[in-house]
């Protein structure tokens, strides 16, 4: 348990600065000028690692990712306090497109495909910032290899593909950008089990082989903790717990609430009768 | 068709029978000759890989897609296709894979839309409001409040649903369907994007609706533990074709299903 | 206050601004000249707040309400606004002077106590145009085809009844061709004209509609001398865009163009040379500018008459009306005012608020870029027009339960 | 040939030509809609503004002279005598690019990801601003625009067709305005270029992506700013072309901005998202409305029906194809 | 914590569903009504009446109408001018045909006639959506205006197509015609606006209102939960046109008194301004309809008076500035708060509630 620190409000200071690709420092996010959603979140994402962000619905995972990729403005949200830096560049000063040029790309929650473009055109827009056509072509083939289903549907308009297919398009599109860091927002949502596994395999593969840094927001805690090296748990806009993935897996609370394993092993979904309070750490 | 006709079907008897349903869009065959039946009062799951045609199947059942061929027997009456409005009136409610809530309205109003079919006051009375219309509103409001209590939505009653987090939206959508007091509830991936704890909650809601309100449930879900745990029977689709059906245990050991969908293990 | 307030409803913006601007400039320069040269009217300065209407009725109402307090006279500068203000001004006791536009039957002073439209009405205009055509054809226009191209609004429809009545009288065939606001697109209209080859075209147009029509006529090679516009379709703006093609186009007018009049010299001396010209001064002497001078002059003259009648320089709105009703601008008086030969003489009476009804035809010389008067001032067909006016005003009097005056 | 038939052909031809004039305006709408999902109501005012600016440059008018004169009592008019129209056009294009840049900076940037109707409204606001500024800058009197494009009836066609009518019938030859012929040529070139561009280039693809989903476009690194400045400048250019054509015909003045209303039926008939649709739609509407005005209107003596007739025609087409003839299918899924 | 709601509990769903659940709002609204009914009539002069109050009330009525259709039911319409014309000409015809009919009844019948026309022109909305529909509604605008201009029966064969109102009284006081005193026209409009304002609010918080919003937010899902799309949309068209028709009737009979169709019901004169009203005010907000109408009626007047009377600019320069500023303000408002003035107001309330804490 030594790896885990239950957070208190003290601003945490770490001295692994040089290895951190992304540093989120105590940010506050407000939507619509009145709704305070993040209340001081700090994260460090190690270069070349997989870091995961866990937490229930409404914890603020998506918001955190959007504030990193600077997509908040388009939702009438803003970072009112704290700072985010990517390779010591202040993210706040950048356009989302400049961030993509720097190599940070986000896979948005809820797919967000370009409905009227075909599957292939969708994938190609992912390579918008790239110049080398040959490489793009190569990457396109690679994505089709990962998701053969997409190859079948390459000429359909994305708006008419199934939920899972759209999710594949969204992930494939991000891969096409040849990024240095991917912000993945619930990549496994709506995917069939073997595909979920495959997605995580792909993620860990590009992480290992190409050194792409991954920040992963996931509800599938089990999977996320298997592949990630470091994890943060968000609750209600605050980081309530952080630590190495391994130590998280062993934590009793995490086991019970995020992995669904209590002392007697996994309980059947049929047997939950009582309603339990969430937000235990608050 | 009146609701009472459906209510006359004994539990455990077929309420929907789908016979050789095929559906294609241009060149894409979403469903090919799929047949199965749903029994009244059961939890019935449809599983299969992405793009297998599961959502399309639900759309056929509630009339949003018209099958290219095949027949639907609903509560003893055979027809070529359903009409959405008819389906709603006959007690079929559903949730959607890509959340289809009314984004500009509050949670409460969203749930109240579930009661629309049951509200009878005419336009003039509504404009007048005081008197019968108000009484009716209050009556339905009480019903809806029960759903709100049940799903634990009190704190977001007045929040516009557009700004709710994904998981809560799913829950509100379930609430809207429940507010219709449906006979049959079609759920399209209700637990996508939830963590274990939230899935536990959702399962409990679904099961309670099934046990206590006796609602027939048709469920699409990719989380195998949930499906195996809570459903009574399962049908498996792959590339628009049915490749297996049966009780959860049978499915778990069905070779074709394992190859096409489950992979080697699923825990 | 002692000042004489002549509020101006102008439109220097919007679709009709190109016409509104020179016209308003004429007013302003004239008032400024009177203030500078004579120190006002009978010692009272003229104040003339501008209120921009953009040719929009609702704004006209607002302007009227804003300025009606203490106002002597309103010049609505739009047929729509005039209709709008007729009942209001009548109730409020404010004079409306719609110079050659507005409601034609307001000429009948027995019914319209507060409304004046001298020196000529649209119906006069229509019949004068026909008279001109008659003259050219030695009095016989039986079976000739005459087309009316008109702005599809109250203004444009004004002459229709008269022309129909005259058609019965003279036996010509009338063809009606409405053009919708703003009149940018008239292809169909001119194809029709090209196909059916009317002998003459009359036009009741305004704004861009005029210039497009003139241009289209030129481009289908319609003989321009057979194309006659009302006095609102005869400004430089309407013919210049068509270039040489517009040569020979005719329009009615009740005032002369050019700058050879005493009033222009005075304006030059007292206003322009002092750097007080309205706008950039570039419209000096144009048709609509000169009309503005004329309109302003009548309004000023009415104030003088009122002052004389009532023996005070501090007249009220009611006294002003009396002045307007007794305006008598004969040739001598015109000359005194610096308007010698500028416009035909006219006088208002209790029964007649519409002046003389005289107008002349002018023709555009595209080479010299100027309008030339080619006829004497003529009367309209009063047999026809007077009857129509009597009918229309009687109907109005009955609807609004107005008792007749001047008996 | 009988005179009737010749007249009919003439009407059709002229209808086609008017249609092209509408298309020129509609094209600007389509471009912006396709590239950002914005229904740019300001397109008409764009055309006016461009034409005003063009004339202003050409004649060397001092911008804001009225205002300056009024405030400081100066007497500014012109700062140089007339310059060649080619130069003036270049200056105007530069102005339109700057304008696009300003619009992006001040307006669009802040409205990313908003509902289409909000963006639509913003463009109406923009229309007012441009109208006001255009007036302040160049004054609101009529200006004659002449960049050397010939106009007026075509003698050649008239002479060539005059003999076609049957012996003894009264026929004067066919009429067509040369200006419209020029407009057609230019429109065809523009449409071809734009259609190829948007279908086959990377940027073209990005444009369509932006129209679908602003946020997602941002997330893949498409710079909305660049795209928007680019398309708005492009449609500024098209507006200038439209402004030249219409301005040559009717002089440059406020009414020019109202041509947007003539382009709208063309737009819905052809489909908001289709560049060729703008042309085909224009042709159909042009022919339809002229035939209606001359034949139906003439038959029952009910003039001036072409305005609503165009809309009705578009409406009837829409009942069969709700996305217009060539528009992208409206995706309806749950 | 100025705007406090703590301590106010609604013990039943009835009071929870009231129009003004909070005490502060109730009091404020009652005060407003008191002032509007018992104070303003005694002080109003004809400038305030004709330039501000009556147009404000009439445009509010139209804005409520359009808000029902566009803000609540999601069908963007640019045909407002046409439907107002229907109201105006119905009123004219009814007035001249039945000289003894009470003006209030005439106004309401005019509303019903517009509703019928609205249904007719609403039919295409089943198939046509979004901007396609918006543009298509211009068909009704152009057609109706053309019709009232072309067919002389509508303007009793007058030479020019102008229609003029005759005097009508309520309780012995004229409310139409030039002799109507300012307080009478004002009260006449106010009563109609208040009564129908409440009716609209009631519809919106009942079944029909929720059906409209469901159609607006996601028509497919609405259909699937049993909202009949055609019927719901047509009801919206009918009711919206009813309100717009009434406002057109008042516009003619009470406000202008005389008009001519092409000019007074031009798209630029009516359809667009009313659309601005509901967007600036707030789509789908009753309060927004009023705020928007007030904004659009007042702004030009305030700007004009400010620039001409205070700054001393010439009328024309002032007008150019007015147009520019007007456009700028519109853009700025949309940027600051795309959901309109009504949302700004509620954010302000929210802030007050939390005051002195920022969130």
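The first chain written gets the first letter, and so on, giving A, B, C, D and E; residue counts start at 1 in each chain.
Keep in mind that, in the parts below, a contact is a pair of C-beta atoms (placed from the backbone, for glycine too) under 8 Å apart; a residue touches a chain by one contact, two chains touch by 3 or more.
Values in this document were obtained by computation on a predicted structure and should not be read as measured data.
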item: Chain D and chain B - chains in contact with each; value: A, E
item: Comparison of C-D and D-E by number of C-beta pairs in contact, larger one; value: D-E
item: Chain whose Cα centroid lies at the greatest distance from that of chain B; value: C
item: Chain separated most widely from chain E, comparing mean CA positions; value: A
item: CA centroid of chain D to CA centroid of chain E, Å; value: 32
item: For chain A paired with chain D, centre-to-centre distance based on mean C-alpha positions, whole Å; value: 46
item: Length of the line joining the C-alpha centres of chain B and chain E, rounded to whole Å; value: 41
item: Chain C-chain E separation of Cα centroids, rounded to whole Å; value: 37
item: Touching two or more other chains - residues of chain A; value: 35, 160
item: Contacts with 2+ other chains: residues of chain D; value: 66, 135, 140, 304, 307, 333-334
item: Where chain E touches two or more other chains, by residue; value: 220-221, 224, 314, 316, 320, 323
item: Chain-to-chain touches, reported pairwise for every pair that qualifies; value: A-B, A-D, A-E, B-D, B-E, C-D, C-E, D-E
item: Touching residues on chain B, where the partner in the complex is chain E; value: 62-64, 84-85, 87-89, 93-94, 96, 100-105, 109, 112-114, 116-117, 119, 121, 123, 126-129, 133-134, 137-138, 141-142, 145, 176-177, 180
item: Touching residues (chain side chain D, partner chain B) in the complex; value: 333-334
item: Interface residues, chain E side, partner chain B - complex; value: 12-14, 16-17, 199-200, 202-203, 205-211, 213-214, 216-218, 220-228, 235, 239, 284
item: Footprint of chain A on chain E - complex, ascending; value: 347, 350-351, 354, 359
item: Footprint of chain E on chain D - complex, ascending; value: 39, 66-67, 70, 106-107, 110-111, 114-118, 120-122, 124-133, 135-136, 140, 261, 264-265, 267-268, 272, 302, 304-305, 307-308, 311-312, 314-315, 318-319, 322-324, 330, 332-334
